[in-house]
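Both complexes shown next keep chain A, but they swap its partner, so chain B is in the first and chain C is in the second.
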Partner chain A sequence: MRQTVAALLAKDLVLELRTREAVPAMVLFSITTYVVFHFGLDRNSIDGDLASGVLWVTVLFAAILGINRLFVAEHEQGGFDGFLLAPVDRTAMFVAKAIALFAFLCVVELLAVPAFAVLLLGPSLGQALPELLLVLLAANAGIAVVGTLVAALAIQTRARDLMVPLLVLPLLVPVVLGAARASAPLLAQGGAGPLPGDWLALLALYDLLFALIAYAVFDFLLED
Partner chain B sequence: MLPDHDPAVSLRGVGRRYGERLALRDISFELATGQTLVVFGPNGAGKTTLLRMLATLLRAHAGEVRVLGRPLPDEGYAIRSRIGFLGHEPLLYRELSGRENLRFHARLHRVAPASVEAVLEAVGMTRRADDPVAELSRGMVQRLAVARAVLHEPELLLLDEPLANLDPAAVAQVQPLIGAASGRTRVLTSHDPVGGLVGADVVLGLKGSRAQLLAPAADVTAAQIAALYA
Partner chain C sequence: MLTTAFALVFFYAPTDADQGIVQKIFYVHVPMAIVALCGFVAGAVLAIAHLRTGDRRWDMRSYVAIHLSIVLAVGVLLTGSIWARQAWGQWFVWDEPMLVVFLIVFLLYATYQPLRFSIEDPEKQARYASVFAITAGAFVPLCFGAVRMAENLTHPQAATMTTSGPASVSQTFLVSLLGMGLLFVTLCKYEMASKNATSKLRSLRRRLAGDDEFGALPTGRSAAPTL
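Moving on to the complex of A and B:
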C-alpha cells in the first residue's frame, strides 16, 4: 500500500503546485479573516480563550475550502475510475488524501499563525511555540481524517459545497474544542501556562477514533 | 490464463438499474478467450453500463457476471490487473503531462517505467509526451487514453467507441494495441455497422436495455444492425 499512497500523494501535490486551487485560497481566507477580526473586535490585541477561539475557528473555516477541493480532480477528471481500475488497496486513497490535506493545513498555518500573531495576538508566541506546534499537529490530523472522510462522501452529491460544511462542522466540534482548550493557556497574557494534557489527549483519541472509522468505511464510499 | 473450456466473459440474466430506470435487463452471453464481441445499440441502450460492469466499476443488480473466470463483484480485485478499460473519459489528469499520467498509472499497476516509454512510442506520442493533457487535441488525448488502457498488458480489453476522435493514421497506429491483431479478448462498442464488424466474432445488439440481437458476426448483416437504430 505504501507505493500506492506515495503515487497518489505525489500526484496530488504536483496538481496543487500546478493549479494552486486549495492552499492559496485557504491562506488568503485565513489572513483576511484575522484582518476582519482585528477591526471587528475593535481591540488592539486579544489573548487566552478569545485568542484561541479566533485562531481555531478561522483554521476550521479555512480547512473547509481545502476539504471542498480534495476530490474534485478525481471526480471531474476520471481519477476515481482510474484508481478503481487498478489492483490496489482502496484505503490507499484515503491515506494519501488525508496526508495531502494535513500538508495543506501545515502550509496554511505556516503563514496564517504568524499573521494571527501580528494582527491580533497580545502575548508573544515565542515561548509557547513548541507546545502550540504540538496542538496544531494534533488538530490538523483530526481535521485531515474527518475532512477526507466527509469530502469523499460529499463529492458523490450534487450539493457538494453545501454538504461539506453541513457534515464537517458538527463532526469537527470536538477537534476545535480540544484544540481551543489546549491552546488557550499557551496564548494567555503574562506568559504561557502549561499545556493541558487532557485536552491534547482528547484530540489524539478523536483522531484515532476517526482514523479507525475511516479505515472501516472508506472502501464502501468508493463502491458503486 | 483460463482453462480452454472457461469463457473469458460470461453473463447470465444480468440486469442493472439506475434508481427506477432499467439500464440493462436479462442479458446473457458467453465470450471465449481471444474472441471479440462488438456491442451495437442506440444511445442509452446500455452499452457503456455493460462495459463498466465488466470493468468492475459497476455491480449487476440481477444475474451473474463472471470475468476471466472470477465472479463479480466479489472477486473484482483479482482481475483488475488483467483488464484494460477505455471509456468515454480518458481518465487522465488535465494538468499533468501524458508521460506523468502514464507514470502515475504505471505505479498503480506496478508496471516498470520503461513500459511507459514503449507505449508512448507505440501510440506516436513521444514528441508531445511532456505537454499538459489540457493542451493536447482530442485525438492526441485519445491516443494517450489507449496507451493508458494497454500499459499493463491486459488480457481483456473493454473499449467504448475506441476510435472516436482518431484520424486514419492514428487508427492504424493504435490497431496493433487494441485491434483484433492484438490477440486479446475484446468487448467493444460501436455505432459503425460496417467498420464495427471488422475483426468481430460475436455481435450483441442492445435496444431498450434488452439484447435484441446476439449472433456470430459472420451471420449478421448491416441491415440487422441498422434496425437497432430505427
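Moving on to the complex of A and C:
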C-alpha cells in the first residue's frame, strides 16, 4: 500500500513538474482574483474579517481549478484501466491523489499568500504567520480530501467542469467558514489576536470525518 | 392523518400571542424540515445498502427518498421565509445558522439530479449517485450538529417550543410530524409503484415489438434510475 501510494504520488508530482499544468494556473488565478477584489471592493488595503474572507474565497476558487484537472490525465490516457489491472489496493489511488492535491495547494499558497500580503493586506503578516500556517494546513487537508472525492465522482460525468464547482462549493462551506473565522483575528488591524481554537477544532473534525468517508466509498468510484 | 393534523392546528392549538395566525405555519414548516432531513439521511442509508448488495432496487429507493426530500426542502424554504418575513421582518436572515445550513444542504442536494443526468451508463450512474448520497448524507448531521453546538437562539428550537408551551401545542406538533412522515412514506410508495409500472411497461413494449427493427423505442433520457 505504502509503495503504491509513493509510486502514484511520484508520478503525479513528476507529471506536474514536467507539464506545469495546474499549479501555475492556480497561482495566476489567485493573483488575478486579488486584483478583481481590489476593484470590486474598491479598497486599497483590507484587514480582519474582510481580509480573511477574500483570502479563503480565493483559495477555494483556485482549488476548484486544481480539482478540475486532478484526474484528467488518468481519464484521457487510460490511466484508470492500467491502475485497475494492477494488483494493488484501489484506495492507494485516493491517498496518492489527495496528497498530491494537498501538495499543490501548499505550493500555490506559498506564492499566493505572500502576494496577498503585498497586494491587499493592510496589517503586516509577521507574527501571526505560524498560526496562519496551521489554519492553512488544516483547511488544505479538508479541501484535498473532499476535492479528490468530488474529482473522482465528476470525472465520469459529461459536464465535468460544471459538476465540480456545484458539488464542491456546498461541501466545502464548513471549511471556508471554519478557516475564515479562525484566521480573521490573525489578520486584524493593530496586532494579531489569539487563534480561536474551537474553529480550528471544527476544521480538524471535518478533515477527519471526510477522510474516513472518502476512504470508505472511494473503491466504488473506480470499479469498472 | 395530515387532515387531522391541520384540523388540530386550526381549532385546537392556541394562537401565539405576539405572532398571531402566522405562527400556525410552524406546524407545517418544522415537521417538513425534520422529515426532509431524515429523508436525506435515509437516502444515504439506502445508498449504502445499494453499494453493499449491488442490487439496483436499493438505488431506486435511495433515489426516491432523496427526490421527495428535495421537494419537501423547497417547501421548507418557502414556508420558512414566509414565517421569517412575519416574525423577523425579513425573508431571509443571514446570521441565523439554521437557515443557512438548510440552504447549503438544499443546494448540495440540488446537484443530485444533474449529477445523475450527466452520467450515461445506468450502472455507473447508480453507483456514483450512491457515493454522492452517502457523502452528502453524512454531511447533513455533521452540519446540524455543528449548528446545535453553536447555539444561536434566534431560531425557535422545535424542542424548547414544544416543551415550554401548553400541552396542546406539543400534541398538535407531534400529530403534524407523524402526518408529515406518513405523507412522505406514502409518496415514496406511490413513486416506487409508478417507477416499477413504467419499467414493466417498457419491457412489455420491448417484448411486443419483438425483433422488429424499429422495436427500440426512444425512451428519453432521464435522471431517474431504470431497473
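Everything below uses one rule, namely that the second predicted complex is superposed on the first by the 224 of 224 C-alpha atoms of A that agree within 3 Å, B and C clash if a C-alpha of one lies under 4 Å from a C-alpha of the other, contacts with A are read in each partner's own complex, and residues count from 1 in each chain.
We take it that contacts are C-beta pairs under 8 Å (C-beta built on N, C-alpha and C of every residue); 3 or more make two chains touch, one makes a residue touch a chain.
Quick caveat, the model's predicted, so the values are computed rather than measured.
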For this session: Mind working out whether A:Q3 is in touch with chain B, chain C, both or neither, as first, second, both or neither?
Result: first
For this session: Check the residue A:D81 against both partner chains and state whether it touches chain B (first), chain C (second), both, or neither.
Result: first
Exercise. Which holds for A:S45: it touches chain B only (first), chain C only (second), both, or neither?
Worked result: neither
For this session: Mind working out whether A:T32 is in touch with chain B, chain C, both or neither, as first, second, both or neither?
Result: neither
For this session: Kindly classify A:V14 by the partners it touches after superposition: chain B alone (first), chain C alone (second), both, or neither?
Result: first
Exercise. A:Q189 contacts which: chain B (first), chain C (second), both, neither?
Worked result: neither
Exercise. Regarding the shared-chain residue A:S124, is it in contact with chain B (first), chain C (second), both, or neither?
Worked result: neither
Exercise. Does chain B (first) or chain C (second) touch A:A73, or do both, or does neither?
Worked result: first
Seminar exercise, completed: chain A positions within both the chain B interface and the chain C interface are 223-224
For this session: Under the touch definition given earlier, write down the residues of chain C that touch chain A in their complex.
Result: 51, 104-105, 107-108, 111, 114-115, 118-120, 124, 127-128, 130-132, 134-136, 138-139, 142-143, 146
Exercise. Across the complex, what residues on chain A touch chain C?
Worked result: 149, 153, 156-159, 162-163, 166-167, 169-171, 173-174, 202, 206, 209-210, 213-214, 216-217, 220-221, 223-224
For this session: Show which residues of chain B lie in contact with chain A when the two form their complex.
Result: 55-59, 73, 77, 80-81, 83, 85, 87, 89-96, 100, 104-105, 107-110, 148
Exercise. Contact residues on chain A for chain B in the complex?
Worked result: 3-4, 6-7, 11, 14-15, 18-19, 73, 77-79, 81-88, 223-224
